[in-house]
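Following this line, the structures themselves.
Okay, so chain A shows up in both of these, paired with chain B first and chain C after.
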Partner chain A sequence: MKKDTFEPYNISDNDFEQCVKCTICTVYCPVVLVNPDYPGPKQAGPDGERLRLKNPDYFDEEALKLCLNCKRCEVACPSGVKIGDVIQAARIKYGTKRPTLRDAIMANTDLVGTMASAFAPIVNTTVALKPVRQIMDKVLKIDHHRIFPKYSGEKFETWYRKHAAAKQDGFKKCVSYFHGCYVNYNFPQLGKDLIKIMNAAGYGVKLLEKEKCCGVALISNGLVKQAARQARHNVRALQKSIVENGHPVVSTSSTCTFTIRDEYPHLLGVNNEDVREQTELATRFLFRLIDGEKLQLVFKKNYSARVAYHTPCHMEKLGWSIYSTSLLQMIPGLELMQLDSQCCGIAGTYGFKKENYETAQGVGQPLFTQIEEADVDCIATDCETCKWQIEMSTTAKVKNPVAILADALDIEATQALWQQQ
Partner chain B sequence: MNTSKDYDVIIIGGGATGAGTARDCAMRGLSVLLVERHDLATGATGRNHGLLHSGARYAVTDHESASECIQENMILRRIASHCVEENDGLFITLPDDDIAFQSLFIDSCQKAGINAQAIDPDYARLIEPSVNPELIGAVKVPDGSVDPFRLALSNVLDAKIHNADLLTHHEVTGIIRKGDRVTGVELYDHQTRAKVSYHGKIVVNAAGIWGQHLAGLAGVTVNMFPAKGSLLIFGHRVNTMILNRCRKPANADILVPGDTICLIGTTSERIPYDEIDNMYVSTEDVDVLIREGMKLAPSLATTRVLRAYAGVRPLVAADDDPNGRNISRGIVLLDHQERDGLSGFITITGGKLMTYRLMAEWATDLVCRKLAVEKQCETADNPLPGSEKNDFSVKSATRKIYSGSRVVQMSAQDRHGTLASNIASSDMMDDAMVCECEGVSIGEVNYAIKELHVANLIDLRRRTRVGMGTCQGELCACRAAGLLGEALEETVQAKDDLANFLQERWKGMYPIAWGETLIESQFTSWIYEGIYGLKPENN
Partner chain C sequence: MKFDTVIIGGGLSGLTCGIRLMEQGRKCAIVSSGQSAIHFFSGSFDLLSRVNGQEVTNPLESIHSLPSEHPYQRVGQANIARLAEEAPQLLDRAGMVFAGTAKRNHFVLTPMGTMKPTWLTLDDFTSFAKNDKLPLSRATIVNLQGFLDFHTLFIKDGLTRYGVEVQVRNVAMAQFEAIRRNPSEMRSSNIAKVFDQGDALDQFAEKVNKLGKESDVIILPAVFGLFNTTVPAALKARINKPVVLLPAVPPSTPGIRCQIQLRQRFQELGGTHFLGDMVREGKFKGNRLRYVNTNNHGDIQLEADHFILASGSFYSKGIKAGPYGLFEPIFGLDVDGENEREKWFDKQVFNNQPYMHYGVRTDARFRPMINGQPVENLYAAGSVLAGSNPLKEGSGAGICLLTSLHVAEQILQDQDDEERYI
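So, the complex of A and B:
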């Protein structure tokens, strides 16, 4: 082996040796507080990694799968240890259990979404029925309290091709939209809202070439090979948009964005160097345009709303909630309240699993209480699974900041600003 | 303990040799007293690589040591399974080394009975991914890792099962003579600060490098050859197999995984005899160890260093070799009656950790001859306490009561073997962790305090690995001090004990105090000085 091609086999992956055992991560772990079976990020992460290197039998699948992968430990760590990555990487490396049928169903969002969309009215009615939920609880171990997000009869991609695609070529500037599974199968309206805003701002919106699910649910359910395959596919699609066509990529889902930017290289070993910087959340993209005085938005005069913003865990990790809240604060007539940054407990598919139901609700309880006590019209958040969890666990309505923005935006006035130039 | 009792044999030195001799003598039915000035395994026994030599390292230069090693290696796998890890070793040839040495090496190994097999460098990279990928040759040998603390302890435990008495923290201040006969020892008890005397028919000097001093107390001369060796401990295991250089033994050419860590060593430097109690690791030693270590496993360059330490090889001076490398590591048994006309006094020295059992056998054979006891040595056949074959497996029996206990129970089994079943683990309190890095529970600490001769926190560390992990006592020292203070009902001394413990940890961190280790020690001092109000005068 030649020296220049040699990369040292450095087991100090994810900087776990930088841990100085201060235990702050465990203090910030939402699971430790409510589930004593979870040893906490310090022990499951850097401490456990040392033991697993001594003997892989120290890998404790049952304990490690209690990790939400919220990455709040990483945000808290003063030494820059990627604790969440250490834990997830251990699950990938040492995990032996094959995903159950339930996990495979919940992880394969594209397959299930495509089928369910085709029979949306039947699926929506059926899975909402109490007896069906009881059966799913017993057979699939999907907790009966859970209400599945409704499937849309028409996929976002279908709608786009029919009603929006043609118009997008009329814009000088262009972005590509990573819509994600939620927009595609459950809630196309959010995608429509984004196109409305971007078009008003003077940007055409394209779709990526055959976008696939970002893979976050595949990773958390142990289907890593499939996740890596999808990641490689998506990175190629992103490269085509960003590198070849010069179209930056925006998304309306914090988790999709986070997965593409950080989990691809850290957990799946998929190199995204040339697309990472230009794959971002739509709110960040918009805010930075406005902040750089390259864009001005005009809002409706009569808009009025009281909104509380909930910071999803992956927004906390990205450090990006400031972009969404700053945008919201630009809307005259919108009164914004910031909820304490804490996990809602759902963590994607985690909270749907029967065995995690109590933990998930326990984790979210302080947030739910704060929401119920807040006197607001709606909750704003950038994550779709947070939305499901909060809507199931409280009386509040939850909207994506992009949806609120679309509501408050004066389309004609905004368009007029750049069309005059 | 009965000071008027006349022991058959008094053994000086709580290292592997002394502990092994106490076990052998006790198993042959002798009444035994083992005395140690500090704690078990505080000398060379606890200050080496923890390498279960196959003998390959000595095969070319010292055939006798090599064959002793491989025989004892196979015996220890049998009798001390919970102290030994059978992970095999590689002797690698790097581009700078002479590949011709390899065939001489393999021949010599085979002559000594060591199963040495040349393997393809690509295969070596596959089975040991940490190895320097530039290697041009590799030989696989039956090396292993051995935990010297566990080994010394289980020998002592077995001696006690066979009615031996043990006094730690008792320093020999005089050898009692009646004319040309040694009849006992004068001891200073460091804990009570009292002097006591014990009498015995035979006194065995198994004090390692300190044997020269003890021989002097008895009025005879034994010249030791103090050669200091320094080692570095890394934060986690980089390798799973032992890595050696396939060349004549030199500096820093062995990398051994041991429990949660791995260590590189050693250097070799002759030191004056009056410096043997003043072990420090110099900057030059650290540089050499890292520089040479990286040649075995390049990732050592980016791996956190936890500690540095040094020990003195108990070699017996024989020639004027300036660095002690070529001196024989053979066993030296001195019958001072024959040699010096002093009866009742025996010195067992030389040798190495690997041959401790054989040394003990030789010494005990001589003791038995002198006492006219005819009993065969059984130490090679009977497993040590903790290593008995047993259907009971902690792993299967206690698995998944609640998940927090998994680490604790596996770690306890690694450390104590079958004796781990004596550790209380009935509730969450017993299983709560004292030391999070090494998975030491409250139950294990209490077991060690009660059953394993623990007088202070440093002793507790040798029994349980408390404070041996990444944080070097930052989180566990105060918890352990609390439990120990409670058990010994000595809360006043507990504070000094805690300060001593932390000072001892710092001593090992000082030579390599940079990066995370420096941050960690600073953080530790904030906790102990800032929060707990520990002051310099506590030490």
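So, the complex of A and C:
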């Protein structure tokens, strides 16, 4: 008999009633391992949901706040329960506490980024100063161990308009780039690297119409209405690019990509059906072209590096690390080692908060140890907050796979291949 | 994406197939929609424990008395005998040491305090040669204060029937107070995580050594060594009496460790492991499966020369039952089993349940069929197969390991044939 005649009945959005109470999720939750105050995915997720449906008083805000939303429980669950979604949806549905000033500041990466970029030299030196970090610790409860990523003076968008935009019209094929806050405010070089690769591959790179922050930090800090507003705005911008202009959208951040593809519909109720499939990581976009023999990348002959790949939680959930690692493995002279897939503990703004510092470092410890023991030149990873956390907690240097590819790519030779056609 | 073989399901069967093929230099990918039944592993792999309700002494001989549609009969007795030697070697190469032989079942103590025949037992646990007598007269059962998943009184009752004098003791440890604040989290894997690091194990051993001075053995729940493989040996070295570990309520600590070791072995050999992804459907050309699509990879297809279906039984949704009958949810393969609901069950719950025998129908080479036609390059292995009742027979892991090794051989042979042809 043919499949799934039965499936549509009686299934909730997050499949919570599919739970068979096997406790496998709890085995793989990185928080349970280090913080006994966290009840674990089974209790906080499907078990708690059953109680909350009976009586919302069972909602335990303080406990559920400890979830990193890493989704490693979902990856392990044999019954397909979207445990992380159940937990985050409960926080949205039942949460009553208003976000603190600190949470609101940290969540608004967009706004803070715009202001900080304008005053980058002052901000960078100020937030790096020890007394300032102590005050931030005391007043804002941002842990003083944390060093904020530096703000770049010129926003990526500004650079793009000045130096790159005009050239992009010369390409027959185009993609739009969802650069995210990190590239815009902290590290425009990654965006420049992406443009370099895409242009070499024969693709022009456009920007979206008024891209806004994907909203991941707004969601985790309880600013859901604002997150939904930004999500709707972004989906409209994606539609314009994908549906109207036929330009697929690529990103260099696994978290932005994951948030747009999955958290928008699952947590914010924002329909992204017509753009989801064509919103993806740049490495996946490139892999598909190469896999389908529509693109060939030529690399420098003298490139040599030893690299270890760290799988960010959202990459584990997306199942996409294979694309980034396959591209890296195509570089002759690059030796790739795969680190065990484990959470680094930062989870966006989570690890910056004073009350979470110990949990975050405890979660990341096995990864840090493995990194310190690995004999490599750099760590590759697709997530910017993993990069911060690893650089703050180890001696290693961390790069996005796109940055490594751009470094190793022989631009002229790659360009020549498709220009001949 | 192109592989030599794509395996659907990352349980004992899928991993066994994957390791075997990778060892022979084939490029494999495993797609698994979640963790598997090994997480419920008792500590022993069964080959054949009972036929027609009678306990089996020599599994290899007793295979004769199984019905002809049974997977063992279809693999063939000579093959089974050979593969049953290979299976523990494969496990050994993955870092797991098992004791036992297919020519004679040994016995293990169950958490009910009874003796059970089995084939291979992980070296965490204790094997006994006989089941009528235990080589001990006094035992101390030690549990952790607040751990409800280890039923000491059942064990005590059972052992008393063997004439063993039993005392039950509890050990309280400060390390577990934090976990105990939440009664439902005092579970074996959380306890094992505490013993995995630090000095909890030393402290525990010290306390136990004070309790069991008069006993021949110390009986403990198997909550040692989750991510750290050295813990069980360290425990036994620190306790100055022989230690007998007994399974606690799942998820099983040694089971999870085995799952991790198998997965690591597969990845160290160069295998690609996609966890948390689900194969949705396949695309056929004639009688050949060309590629499969998964949730995570979307339009990027997983192509392969061969495919293996190791998607498990009802528990793992390899086979499903709906109001209109039984079905295999990925490809809609032919299923052996009754479609009318009334025929699925025997009202006596402990009887041989018909549904336990249901599974995918395969040809002589273990290739599943669609409308009676075998798919040329698709094979099925493990608990997704029809024709056995693993629970009644005590044959679960045996069927998984041996059909998997057999299927891997079919594929290797198939490829050799093709190469010769070219």
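Just so it is clear, the second predicted complex is superposed on the first by the 408 of 421 C-alpha atoms of A that agree within 3 Å, B and C clash if a C-alpha of one lies under 4 Å from a C-alpha of the other, contacts with A are read in each partner's own complex, and residues count from 1 in each chain.
FYI, contacts are C-beta pairs under 8 Å (C-beta built on N, C-alpha and C of every residue); 3 or more make two chains touch, one makes a residue touch a chain.
Computed from a predicted structure; not experimentally measured.
By the touch criterion defined above, A:L318 lies against chain C but remains apart from chain B after alignment on the C-alpha atoms of chain A.
In the superposition on chain A, A:P39 contacts both chain B and chain C. By the touch criterion defined above, A:T395 reaches neither chain B nor chain C.
Legend: residue contacts after superposition of the two complexes on their common chain; A:I24 is shown touching chain C, with no touch to chain B. By the document's definition of touching, of the two partners only chain B reaches A:D57; chain C does not.
In the superposed pair of complexes, A:E49 makes contact with chain B only, with no contact to chain C. Overlap of the chain B and chain C interfaces on chain A comprises residues 1, 3, 6, 22-23, 36-37, 39, 43, 47, 79.
Of all the residues in chain C, the ones that touch chain A in their complex are 1-2, 33-36, 39-40, 178-179, 181-182, 184-185, 187, 189-190, 193, 226, 250-251, 256, 267, 272, 274-278, 294, 296-300, 315-316, 320, 322-330, 332, 335, 339.
Per the touch definition, chain A reaches chain B in the complex via residues 1, 3, 6, 8-12, 17-23, 36-39, 42-43, 46-51, 53-55, 57-58, 60, 62-63, 79. Taken together, the chain B residues at the contact with chain A in this complex read 129-130, 133-134, 235-238, 257, 259-260, 298-299, 301-304, 395, 400, 402-404, 406-407, 410-411, 414, 428, 433, 436-437, 439, 469-471, 474-475, 516, 519-520, 523. Those residues of chain A that touch chain C in the complex are listed here as 1-6, 22-24, 26-28, 32-33, 36-37, 39-40, 43, 47, 74-80, 277, 284, 287-288, 291, 316-320, 322, 338.
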